[in-house]
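Think of it as A, B, C, D and E in the order they're written, each chain with its own count starting at 1.
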Amino acid sequence: MTQFYLFGTVAVAASLLVIAQRNPIYSVLLLIVSFGALSGLYVLLDAPFVAVAQIIVYAGAIMVLFLFVVMLLNAPQEETERDARAHLGRGSDPMRFGALLALALVAELAWALTRGWESGRFGRGAVSSVAALGRSLFTDYAFQFEVTSVLILVAMVGAVVLARREDRPREPMESGETQPEDRVAPGEE
Amino acid sequence: MPTLSHYLMLSAVLFGIGTAGVFLRRNVIMILLSIEIMLNAVNLTFVAFGRALGSGDGQIIVFFVMTVAAAEAAVGLAIVIALYRHRESLNPDTFTMLKW
Amino acid sequence: MPFPILTSLVALPIAGAILLLLVRSDEGRDRLVRNIALVVSILVFAETLLLWSRFDPTSADFQFVERHAWIPSFGIAYAVGVDGISLMLLVLTGLLTPLALLSAWESIHRKTRTFCVFVLLLESAMMGVFVSLDLFLFYVFWDAMLIPMYFLIGIWGHERRIYAAVKFMLYTMAGSVLMLLAILGLAILHLSVRGSYSFDLVALYGMPIPGHLQFWFFLAFALAFAIKVPLFPFHTWLPDAHVEAPTAGSVILAGVLLKMGTYGLVRFAFPLFPAAATFFAPYLATLAVVGIIYGALVAMVQPDLKKLVAYSSVSHLGFVVLGIAAMNMQGVQGAIYQMLNHGVSTSGLFLIVGMLSDRRHTRLIAEFGGLKTVAPRLVAAFLMVTLSSIGLPGLNGFVGEFLILLGAFVWKPQMAVLAATGMVLSATYMLWMFQRVNYGTVSEKNVSLSDLSRREWVLVAPIVALTVLMGVLPNLFLRPMTPSIERLLNQVRRGAPVEVRASDWRRVDERARGWRARAAGSNMTPAARSWPRVNACRSQSRGELPAKGARRVGTDASPRDPLCARVGGGA
Amino acid sequence: MLLLIPALPFVGFLLNAGLGRRLTKPQSGAIAVGSMVGSFAVSLGAVYSLLGQAPGSRAITRRVFNWITSGEFVADVTLRLDPLSSLMILVVSGIGLLIHIYSTAYMREERDGEFARYFSYLNLFAAFMLVLVLGANFLVMFVGWEGVGLCSYLLIGFWYTKQAAADAGKKAFIVNRVGDAGFVLGVLLLFVRFGTLDFQEVARAAAGLRPEATFGTLSLITLLLFVGATGKSAQIPLFVWLPDAMEGPTPVSALIHAATMVTAGVYLIGRNAVLFSQAPQTLAVVALVGVVTALGAATIGLVQNDIKRVLAYSTISQLGYMFLAMGVGAYGAGIFHLYTHAFFKALLFLGAGAVIHALAGEQDLRRMGGLRKDLPLTYWTFLVGALAIAGVPGLAGFFSKDEILSRTYSGGHLFLWVVGLLTSLLTAIYMFRLVFLAFHGERRPARLAATPPHGGQDERAFHHRLGVPFPMALVLVVLAIGSVLAGYIGLPKALGGSSLQRFLEPSFAAADTATTVAIVPGAPRAAPGDIGAGRDLTDNSQLRATRAEDGPARELGLMGVSTAVALGGVGLAVFFFLKNPRAASRVAERFAGVRTVLLNKYYVDEIYDRAIVQPMRLVADRGLWKGVDARLIDGAVDGLGETLPRLGELVRRVQTGSVRAYAASLFLGVVLVLSYFWWR
Amino acid sequence: MMAEFSSMAALAPMVCVTAAAIAAMTAEAFRTPGELMPIGPLGFVGLLGAAAAAFLLWDRHETSFSVVVADNFGLFITWVLILVGVLSLAMSAEAVERGRLPAGEYYALMLFAIAGMILMAMASDLLVIFLALEVLSLALYVLTGIGRDSPTSTEAAFKYFLLGAFSSAFFLYGIAFTYGMTGSTRLDRIGSVAAALATTPTPMQWVAVGLLLVGFAFKVSAVPFHMWTPDAYEGAPSAVTGFMSAGVKAAAFAAFARVFLVALAPFRAEWIGVLLVMAVATMTVGTIVALVQTSVKRMLAYSSIAHGGYLLVALASANDVGAGALLFYLLTYGVTNLGAFGVVGLLEREGRPSRQVRDYAGLWSEHPSLAALMTIFLLSLGGFPPFGGFIAKWYVFTAAIKAGYVWLAIVGVLTSVVSVVFYLRIVVMMYMTPAAAPVRLRPIPPMTGAALVASAAIVFYLGILPARVLGWAADSIRTMF
């Protein structure tokens, strides 16, 4: 019980700090902390393999990728000037609005998750063996597994296509060009 | 012992934090990070449910989700890089050439 | 298999249009293009005449019926046929299309080929509307017809053509989409009553429709048709469309398109939903009468010739709707006859206005004056169509108007009395216009106007001839209609044995609700049962003519069933 | 044969209208006159053969073709000649012929095409008028009825370049249309009531009815028909068009607006005498309207200065007389007056035409005078006409007018009789005022067409003009003779009995003879019932009996009174306008107000204009077109058309371009969906 | 639970497409710079193979791995997707060449996307649906941003990606709850458990249903989850936009229908309300905002949102007619929209401005055939007979009325009347407004031209002789229910 609360608190706190940071580097690092706490929770849930994967894949790979990009772009600080046009509706900043909605969502989820059904303690038969998981993965989930390979292929190709440096001189393209003055202000027509 | 509900509540809170992050931060990379938080929250739900159901499916799904998350991150960051090349900015609110 | 004459009526113009598309569109080939289009349209006209000659005037049934499955899973068929009601409208369409083409001979120079293509497509769609015996098919033609007309107005129109074209399109669509829903409702009703979808008109004629559905279906149909007619508050698209359309467009618009609305009322709205129709007839007639007077008054103050004629159309078609609402032999026959008349004489007016505006490039009445001095033949033709439009006995307008008034009078005298003011007003605005255009001293601007050219003679002569022929020998046209109209009347009467009162609707609805609860599968005739009251006051309340032999001569106070007293109003 | 009567002029019309421009004046004149001669001849023949039939059942019926068939409604084009219509066709084709002849000279100055056009209209008019009187049912009659209206429109506006003429033509047509609407409604009601439109059938059915004690269907029918009649015959309240109609060529005024067309209303009532007899309420209205019109028009006629307008009001007044006769049930007398009036009024108009012709278009009495010497033939014939209309004994007008007055009196309508007498007095006064102003006294400033003898051409034209051309002179003389003699076929009983009355009688009674055929196939017969024809016949015979009781003495007495009145009127006119013009002006000054009112024709035109025409135009223009149409309906439509884009504009703003705003929208959607479940 | 290796037949179509994609990729890899390589035709081969495979699978109801079902419903959508793919490839050729887009990657990604779509249409497992969704989405994110030189293209990709990722998190969360509730991600099991669960509704079901709904609603761009659509459509190269608008809708709606009409049908009472509101909102918002657009692509984007609304109507009707209507509508809408975007794409390459509606002025005089094609597509989108769009709408409204949602049908027809306004605006420009300056246009590349003409022919065919296709659609859904 205490472990749950420990990991839980760490995860929540770290996540909160992630979104409270201005500097993305700190955020990334804090997120790794959060993921660590989560993997602790996975252990508590008798899913050691997931816990390990969480550390390796998420913290080890994905977050590093993030860090890499942050470094690459060399733009750690968030810009703070406000864009006057970026308003949703009258006077309400999407920021505050979104946060409120997030609160509402949590409230709704809390309501949904506590009503109508009794959650007992976890039963015995947890599947925690890596062998069992592996077997299942390559039999029952073989097809899904293959699909993920395609997915990764697509992501790879995509990432290459998009992030590749220009290998030819830039020239403006009509198809994509929208000059600000080209746009007719609403109400003009 | 914590029950399923505890885990679900925790994941709900994390999910909420993730969504809030999408709105609170004005840096596209941070927004991506927030989405990662959301995915992780979902993962927690999967694992918790899997544990409650006594099946390994929950855990296996998490692997797939991780893969998806990685792929998304890769493409997303590539887009961010491409975008940064054009705009020299990571503030999502400045990307408003397309609107109305 | 006999020659599919109706299909060929629809297909021939399309074929002509395709042929035109194959011709290279050099500027120099305008003549060729025009001639091809004209020949095609004349062929179609000849075919309609052939149809008329083959038509059996003694039969009330649909003739030359062709039926092919189209979308069988929904009971949609390509079903075409013609009866006395639609026959004449086909001939009218056939006649007016070549005239419209001919009228554009000198006024349309831009994109002649496309123009001819659109006119031919329009003709095809119009033919389709009149021959369809399948509601779905009908709707397809009905809506498809908008497209070429839209282009005709929009491309070859005058200054505000785009506004007019869009307005025309939207008005008409807004009305007709609800009709589409009602059509769908009918088919689904058929499914629930008979077990299969059907859009077949004849099948739906025979299907009892519960009262509350009739109510809504009729409203949907009537709205679509009322906009097309156009009935009083829905008419404002018409002046704009007419004013902006090129002459050919106006001719077809006034000559045929407006008839689709009234045709729809006769063919669909009334026989399909007799009870609702009977209930709504007075309201419809009220709108019609308002339209008659309103249109006439507004026409009176128009400074623009085309607008004047457009408003006069509102007035004239008010008569037609009034006749239909009366739902007796004279009313309906008069209405259909008046459709033809209006088609002939208003087209004539538009042709002549077109000739004037070709010459002067204006349609403002004030710009003209004294034309009689410079173009006496033109003015003579103008006079003829004017008089026909006024309804001078001996010309066509009178026969229709008189029959409508008679029918309306027999049904609801007060309506006829009000409508009769339309007679006076029509003379007022037409003659005033005629005087301002043709009488007086000829002004500088008009001195050099030429009289009718040979082409214009060809345009005007059939119109004038028809106004006289139709005025003198109306039976030629009335006789083929009679059996079909009789069938229509019987159908409406069967469906609505008594006049429906507002207070009855509630009861009808209650019954219908009960009917719906029991409906699934049981083979009943709900309409017959759901009608609240069947009694003998029909002939009074529906305003039948006193039956021969049983006339109430000598008794001024007619023996009235007290139950009918509320409804009546007959003489 | 009957068909030929209207067909001949129609052929003339077709020829003149179709070939118009290619014909010379003599040719088109010949066509027109020839067709009328033919028509008149055929008419004579037809009447002759009619006379050969048994007196009680004189009728020739010719069904031409089936015109309209629609369910129970069947209308044939059928012509029928009976005593009444035989008189009418003679008047129409006879007077018509004369006026055609007159016109060949009168219209000589027109261009060839115009000349042919004139005659084509005139021929068309004759054709329609003949259809009107020959028509055997209401619908055929209506064809003629509207047709003559059309021709009247065309002929009034013959000089279409003249604004006033065009206006007058339009006014005539529209005012007539008002009446026609009533007519049509009457016909509709009639059909609903009787199931037929054939005159005989209707009469037979109506004869079987009891006269309506209260205002009922028959009264309504007849009243509506009478509305039609007031339009055509220029009675109150629809008389306003006739004075304006004088803008047309004078022969037209003579033919259409005096002798024939305007009497159609009277004919209509005569034709449906049986029907009207059953509706005493309507008859009362008819009589009242007639007498008021007669008096009113006469008073206006007193002060008018336009020679043709005086005659026009006189026509209205005389038509009022005829309606008075109809209203008191003296159908024969009314028709008799119609017949005599045709002669002398045509004569007067043509005479006036000769004057105008000679004065090169001058119509103002104040600028005439002393024409007696210059235009002797015109003067004398005009004088005959004036005497006839004034009711001087021995001339046509006297007999017919006296017949009406005596019938009025004997019918017990004392008030009407007095007013009638008063009108008679006024008639004599204004007619002789006219005569004296135009033909006697000094030459006024108006020059004869004589003055400018500059060149030889003009000189010849002048003489040519001054001497009334032969066709005109001939016609004047013939009409003058007619004006004297026409009355003798309808002598009052006291002086030997009225053969005309007897001749016409069957037309006014329910024709119930074997010779008449049912025109409408399957049309219902008169219903046999308790109130059958027999009773009605008894009523009629009783009526006749009462009439017979009126002794010749009383008739002679009445005759004397009216003679005295007529002569008195003439005398007054002599006093005021010949001997003491100053007295006349004194009176005029004394009653300046009244005079103004009369000069302005009781302001009826102005009232109509203010009360009907202007408001209607205003309502139509400002209220309906620009208000309801443009602002209300189009405004609503366009408003909808603007609201939607505005709404779109509003919604569009949500799409700020900020991806976070988009995410917020998405997120909002999520929360809403979930809260939907929450609240559900 | 043993994997069913017995049959992999159901995978054949997507395997073909994937193989073509990989081939395209490989070809690009081995291509020397400047060498012309027929990469596009490779795609055709793959697609035709897939079509043939789908043909052979018709009526056989093959299942592979128990998560991919080649039932007729899926096969119909597959055909639609293949058609969309073929037309898109054909229309892309010009754009790829001229925009100097990386051809191999472009075609590979497009083919991958098609494979993902086909998989999505055939998947009978939520996880597979999710994966397929990700495959196609990732490919499309990249395709949207493939015009890297263009800031708008990248921005569009960014927005599309960000919102897509955001929404897929919700979708995934929904899957998680569904999994927790039913113990499986397989639709058939979910269906059977759901039937039992529906009797005692719990809030968790609602959350699960709601989140799944959100996931699909995002992909079909239902209001209020639509906001990515206009930006992505406007920013993406036109050929991609056409492909995206047609393909994604087809795939997403197929999965949508499978999940909601079959598996979650027992919960109909729960989700129907949301769906109806969404349908109405989608139709109206899409329509009225399109009304005020000045950019053609953006207007078409909003119009496609509105069309999504009609598809939602078909879905909400939830009867056999509705499902049939869905299929038919997807087909017509896909072809028509592709055609419209194809014309837009063709104009982009000309040396004339083509973004704004007003830039279309006088197109008729410049290029009558292009204008005529565009008119056909626009009128079909507006629902005029005798074009396919009319039959499609008619079918949808029949479904709605049959299901008793008359008011929904009324909203539908009224919005479609309003929609005519903006479709006509382009027509007005093309035909009734003279061009500002006449431009000589290059001839239409034959491939694109053929694709456009084929699209127009299909639109006509579907409008005039729809019986056969309607029959197929009806057959397709028979196996589903």
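Here, contacts are C-beta pairs under 8 Å (C-beta built on N, C-alpha and C of every residue); 3 or more make two chains touch, one makes a residue touch a chain.
What you see is a predicted model, and the numbers here were worked out from it, not measured in a lab.
*Asks:* Taking CA centroids for every chain, report which one is farthest away from chain A.
*Replies:* Relative to chain A, the chain whose C-alpha centre sits farthest away is D.
*Asks:* What chain pair shows the greatest number of contacts?
*Replies:* Among the chain pairs, A-B has the highest number of C-beta contacts.
*Asks:* What chain is the most remote from chain E, judged by the mean position of CA atoms in each chain?
*Replies:* Greatest centre separation from chain E goes to chain D.
*Asks:* Of all the chains shown, whose C-alpha centre falls nearest the centre of every protein C-alpha atom combined?
*Replies:* C
*Asks:* Please compute the C-alpha centroid of chain C, do the same for chain E, then give the distance between them in whole Å.
*Replies:* Each chain reduced to its C-alpha mean, chain C and chain E end up 43 Å apart.
*Asks:* Between chain B and chain E, tell me the centre distance in angstrom, where each centre is the average of that chain's C-alpha atoms.
*Replies:* Each chain's C-alpha centroid was found; their separation is 26 Å.
*Asks:* Report the inter-chain centroid distance for chain A and chain D in whole angstrom, where each centroid is the mean of the CA atoms.
*Replies:* 98
*Asks:* Centroid of chain A to centroid of chain C, CA atoms only: how many Å?
*Replies:* Using C-alpha averages as centres, the distance is 66 Å.
*Asks:* Where in chain B do residues touch at least two different other chains?
*Replies:* Within chain B, residues 8, 15, 18-19, 22-23, 31-32, 48, 50, 52, 55, 57-58, 64, 68, 71-72, 75, 78-80, 82, 92-93, 95-100 contact more than one other chain.
*Asks:* Counting only residues that touch at least two other chains, what does the list for chain C look like?
*Replies:* Expected reply: 170.
*Asks:* Touching at least two other chains at once: which residues of chain A meet that condition?
*Replies:* 83, 85-86, 94-95, 97-98, 101-102, 105, 108-109, 111-113, 140, 144, 148, 151, 154-155, 158, 160-162, 178, 183, 186-187
*Asks:* Kindly provide every pair of chains that touch.
*Replies:* The list of touching pairs comes to A-B, A-D, A-E, B-D, B-E, C-D, C-E, D-E.
*Asks:* Inside the complex, what are the residues of chain A that reach chain D?
*Replies:* It comes out as residues 83, 85-89, 94-95, 97-98, 101-102, 104-105, 108-109, 111-112, 186-187.
*Asks:* Report the residues of chain B in contact with chain D in the complex, numbered from low to high.
*Replies:* Going through chain B, the ones touching chain D are 19, 22-23, 31, 92-93, 95-100.
*Asks:* Considering only the defined contacts, which chain D positions touch chain E in the complex?
*Replies:* Spelled out, the residues of chain D in touch with chain E are 641, 644-645, 647-649, 651-652, 654-655, 657, 659, 661-663, 665-670, 672-674, 676-678, 680.
*Asks:* Applying the document's contact rule, which stretches of chain C touch chain E when the two form their complex?
*Replies:* Against chain E, chain C makes touches at 25, 69-74, 136, 139-141, 143-144, 146-147, 150-151, 154-155, 161-162, 165-166, 169-170, 173-174, 177-178, 180-181, 184-185, 187-188, 191.
*Asks:* Which chain E residues qualify as touching chain B in the complex?
*Replies:* Result: residues 127, 130-131, 134, 138, 141-142, 145, 148, 151-152, 154-159, 161-162, 165-166, 168-169, 172-173, 175-177, 179-180, 183-185, 230-231, 234-235, 293, 298 of chain E touch chain B.
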